[in-house]
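Consider the two complexes below, in which subunit A is the common component and subunit B and subunit C are the respective partners.
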Partner chain A sequence: MKIPLFAENLRKTYRDFWGRPRTEAVRGISLAVRPGEVVGLLGPNGSGKSTTIKMVLGLLRPDGGKVELFGLPPSEPAARRHVGYLPELPDQHRFLTPRETLAYHAGLMGLPSSGADARAEALLDRVGLARAAFDKPLSECSKGMARRAGLAAALLGDPQLVVLDEPTSGLDPVGRHEVKELICELSRDGKAVLLSSHLLSEVQDVCTRVAIMVAGLVRAEGNLSGLLERRDAVRFTVSGLPPEKEADCRAALGVASGGLDVAVDHPAATLEEYFLEVLRAAREEGGAEGGAAAVADGGGAR
Partner chain B sequence: MKRTVAVFARAAAASFALQWRSLSRSHFAAALLALLAAVVAVLPAQLRPDGTAGGARHMIAGWTLGVTMALLGGATLWAGCASVPGEGRRFAAVRVSPARSMAVFVGRWLALVALSSAILALCLCGLWVQARVRLPRAALETRAVIEPAEGALDEEAKRIRVWAAAPETDPAREEAVVESIRRDLRSDALLPVPPGVARIWRFAPRAPRRDGETLRVSFRCLSPYGSAAGVNGMLAAYSATGNGDAASPTDAAAFGRRVALVRLDASQDSSSEFEIPAAAAECGLVVVFSNAGLRDGTGASALVGWRSSLRATSPGEGLAVNLLRAVPALVAVLSLLAAVGLAAGCAFSFPVAAFAATAAVAMVWLGSSDAYDPNAAPDEVVHVHAASREPNAVDRAVEKAASGIGGTLRAVMAPISRANASEKLADGIVVGMPGALWALTADGVALPLAFALAGAAALRRREFP
Partner chain C sequence: MKGVPRGGAGLARAVLATARASALEALQQPAAILIGLSVCSLVALQPLLQLHSFGESGRLVRDCALAAMLLGGAALCALCSAAPMAAALAGGGAATALARPAPRAVLPVGHWLGSVCAAALFVWCVAWQSLLAGRTAEAYVQTAHFAGDIRDALCGAVSALLPAFSLGLAAWRNIRRGTRIGTAFFVIMAVLAPLAAALLGFWERDGSWLGFAFWDPGLDWRIVAPSLAIWLLLCAFCAGGAAFATRLPAAAAASASFLPFVLGFFADGLASSEHLAVRALAPLLPSVRDFWLAEALANGGSVSSSALPLAALHAAAWSAMALAVGTLALRRRDL
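This part shows the complex of A and B:
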């Protein structure tokens, strides 16, 4: 099978009206996303992430280099048939309802109308949109609900390559968690995912590989575990150790290591894990219903 | 192939639905509808006609329809310009989808045409109600123009050539001169009729459609100074029974039995209108205008157009039917404007597209009218700077390019110009269905599809940073 996304030595310079070079946005990057991979593009503002994504999708013409989607140039409709794209905000027409949004994208993809409604409903369910919002104009929906509708539209044609630009932007922690699970699910289904985000924790949770861009160049690239592993330190985790035994353990480790510094601490959950835990507990106790979000969202996120 | 067509149609339908919803759910459409409703409801009450039935029709039907079309046409053009740029980043999803640019263009164009046509239909209904309420019965009647017979123009061109100058010795050159006169007649240029000379129109035999039907003949000429007075002449209508081989314009017997004779006085406005029984044209009708000049044989030439000066008409079906007949030609105008706006919007940002499209439409509108200099020889180029220097190669190239562009624009816009629906509605003249349908086919469908090709190509080339 052809690689879903292959880019080699991509370059892009933005020019002024007279064609004079103004900004060298991308200065020769290479990228490949294979089936089942979730690749994260990281970098500060102006590092060239969005430009790279736009070149990959054919929205911008590279000044140099080569891009192929499933072995074809992005300008070929056949290449774009297997691509799902969630642009950065604002990504959807505010006068359409989520159901109409999906019908519109289904038409653009040339999908037959038979069963389109059922497919749209299933996808809107999958991205966690409340049923009461299916027929509500997006102008009356929250930013998060609109983002979910956009995500459903990106997945409509069962794409083999999914490109997500800030997919969790505007989503609450629950929505972020659901989207992260969805991305992992896509990866398990063998889809290739290219993700651009500012949220490092999000990228860390879902990506198998990352490319860190600075000033139009990829400064670091590789598997997350390999990149993040600190080979100069070792961490022992002992569950259920009584506090009075801590000092003994520290002393024993100090002796065993030949007098090296030994740090002992308690592993902490991430804030997101803690937030989700509190929310789950509240729901179990029946205290999560009501409030403005429930009224506005017709039941809120589930 | 079948699948490709189906995919194209689905993408076009999706684009149609989006454009339709975008406009119909926006404040823009509501504001436009309110504005047009106000125009149709209020404008006729504000206009002060000249007291004649024709004047009242011209004011109410002509002005109201003119203002309505100007507002609706402008709105359609600008809505087209805003279609793609107005979406901003959202359009990226369209570009990344496998939809063909052509399908996206066609769907949006059809939606613009459908919506503006629906608004036009509402305006025409309002206009009809206004006309029924405000116009006298006579102003609601329409007249169908009877065109001169095939060959009458050719015959007249040869006659004009005979009195104009001695024939050329070279037959090819002589034929070129006659052809240039034919061209002037066909384009309705005002040609001079000197004193003692006549202009003759022949009409094919035509059976009356019902008993008691009358044909109306209207005539109007201009003096060389462009005024509507100062010409002495005779206007005569003949029931064609003679052989038509007239030795002179006053050789009446050659044309047949005279059924009407009207004298045009220099002190009047050189126009006349009379009615004759339709039965008089059963074997054909001949109308002769002769410039009598002054008693001493001198006097001014009359400027006469082949179509605009003489008009023979028969009774038509009424204003309601005429409004329906005008619809294809009016829709053709809206369709073309939508396509021009969309194509501009596909290539440029909204401000640039709106400026370029508006300027282009204004230039075509102003440039599609024929300027006529009665003193210039046929096809002779008039150089305003001729006295100072001879035209050089650059002048000639610029003139050639300008002439080519002007000629192309006139040819391209000819179907709409010839259908001339707005003016005919204002004049109470029946809008020809073949002409209106041809305008819709050529300028309302074929030409927009050419713009669609250009717009789709621009869309494929466009970048979305």
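This part shows the complex of A and C:
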């Protein structure tokens, strides 16, 4: 099977009405999401996460680079057949109910209307939407309910690649937990998941890999365990050690532990600490005051 | 990998799903309810308020009703169709839809189809109100006991109350069952107006009971053809609105929708110009004269058999051109 998402050296510059470059949103990003992987896209506001996601889905035309969904360019509808997308602010038809929203998306996917009700109910149940909200217009639903309906729509048609932009935004802690469980479940089912979020703990809980974007560039990328491991320090973990022996142990580096199991590993920083460190380093290099990089020349920023 | 069906049937489903959502969205807008209610009420009240007949019974009422249908329909299409589509493109709703395996053309075409359906419901309601208003209008009646001009007060009262009653019923259904008030209003109105016209056929214009054996609706069916022509013009108008909405923000798209419509008033002048280049511009505009068939009904006349097919052809050509331009514009747009 072709890799669900492959992007290479993607570039995007936003221009003003006269075509002058204003913001270099993405400056050469490469990304791949394989089946069973949950890849987290992290970065401050304006770092190019949403732009990247939109280019991946064919909603924005990249200025350079290459994107493939299942081996096809995303501008081709066939490439998006197995993709589910939950945008950050799903400005859906607010007069439709969650059930009708799913029917609408099913229609867009060309799915037959037979069995649509059962399919919609199963998905809405799966994302934990209360049954009473199934037939309530989205305009009357809470933000969390609308989010769940959007998530259900993203999962319509059993997509092999699920792109989630801030999936837990507006959800309560229980809802967040359920969505995290759902993402893990998708991963276990072999689906590829690309997740963009500001909630670092959420990303840490569900992602197998992360890419940290700052000013349109991926500043750090890799497996979470690898990224969070500190190679410049060594940690000794001793199980069941009495407090009075702690000093001895420290002094003798485990020899004085009295024969107890001594585990030595690398202490891990939290994802949040690491994220801030990457961000600070990027800022020290210059050109990244906010999330976005300003265009140096070209008469754009006026 | 489990496949999602595509091809002609899949594409048709995508267009219909977009059309259905767009029609519901258009009819549910507060502006749509307001326009529907005011135009239907205005048409019904005309024969009760107008004191002139301009030498022909019901002509002023008929012309005013058709004019209200045209202007109200144009406002409905601009405010409730072009503007929401532009808002969806700006707000991300369109991005959600187009992240699906549907070509970009689905959006303007589906939106246009939805607007056309909403416009059809509006024209249907106003046309029935116009038929009832035509019956209400002062007309010369000669019976065994009476000869003179009379208004059909019963018909006038029924048609004047219909819009308010429909809105009340829609509101009641909304409170009790959560039914969408806008859609319910138009649907109730669309059902009740012909029903009222049929029932009123059992009464004479002077209010006397005709009996079940003497049913005569007394409606001037000639108004149907001009109403259809207006709907065809609204179809072209919606296509223009959908095309503008692919590039302009909501308010600008709604305003720009009127541009081809206004230019259409000059199409005749352009067509008769001496300059070939100017004459060539004329067919590119939806000439309002081709769609305004009310004049043909003056003095007992009727619409010629070729007028409606010509109007349909013109509307189809204009709509196809506008939608093609809109689709091309959307293909290059970043969402």
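What we mean here is this: the second predicted complex is superposed on the first by the 228 of 302 C-alpha atoms of A that agree within 3 Å, B and C clash if a C-alpha of one lies under 4 Å from a C-alpha of the other, contacts with A are read in each partner's own complex, and residues count from 1 in each chain.
To be clear about the criterion, contacts are C-beta pairs under 8 Å (C-beta built on N, C-alpha and C of every residue); 3 or more make two chains touch, one makes a residue touch a chain.
From a predicted model like this one, the values you see are computed outputs, not experimental measurements.
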> Taking subunit A as the common reference for superposition, should the pair subunit B and subunit C be classed as clashing or as fitting?
Replying inline: clash
> Between subunit B (first) and subunit C (second), which, if any, makes contact with A:61: first, second, both or neither?
Replying inline: both
> Should A:109 be classified as contacting the first partner (subunit B), the second (subunit C), both, or neither?
Replying inline: both
> Touching A:160 in the superposition: subunit B (first), subunit C (second), both, neither?
Replying inline: second
>> On the A-aligned overlay, A:136 touches which partner chain: subunit B = first, subunit C = second, or both, or neither?
In response: second
> Who does A:26 touch here: subunit B (first), subunit C (second), both, or neither?
Replying inline: neither
> Which of the stretches 80-88, 170-178 or 188-196 of subunit C runs into subunit B once the two complexes are superposed on chain A?
Replying inline: 80-88
> Intersection of subunit A residues contacting subunit B with those contacting subunit C?
Replying inline: 54, 57-61, 77-78, 80-81, 83, 85, 87-93, 95-96, 100, 103-113, 153, 163
> Along subunit A, where are the residues that touch subunit C in the complex?
Replying inline: 1, 54, 57-61, 77-83, 85, 87-93, 95-96, 100, 103-113, 135-137, 150, 153, 157-158, 160, 163
> Hey, which residues of subunit B end up touching subunit A in the complex?
Replying inline: 6-8, 10-11, 13-15, 17-18, 21-22, 25-26, 87-90, 92-100, 104, 460, 463-465
> In their shared complex, at which residues does subunit A touch subunit B?
Replying inline: 14, 51, 54, 57-61, 75, 77-78, 80-81, 83, 85, 87-93, 95-96, 100, 103-113, 153, 163
>> With touch defined as at the start, can you tell me which subunit C residues reach subunit A in the complex?
In response: 1-7, 9-11, 13-14, 16-18, 20-21, 24-25, 28, 87-88, 91-93, 95-103, 106, 178, 180, 332, 334-335
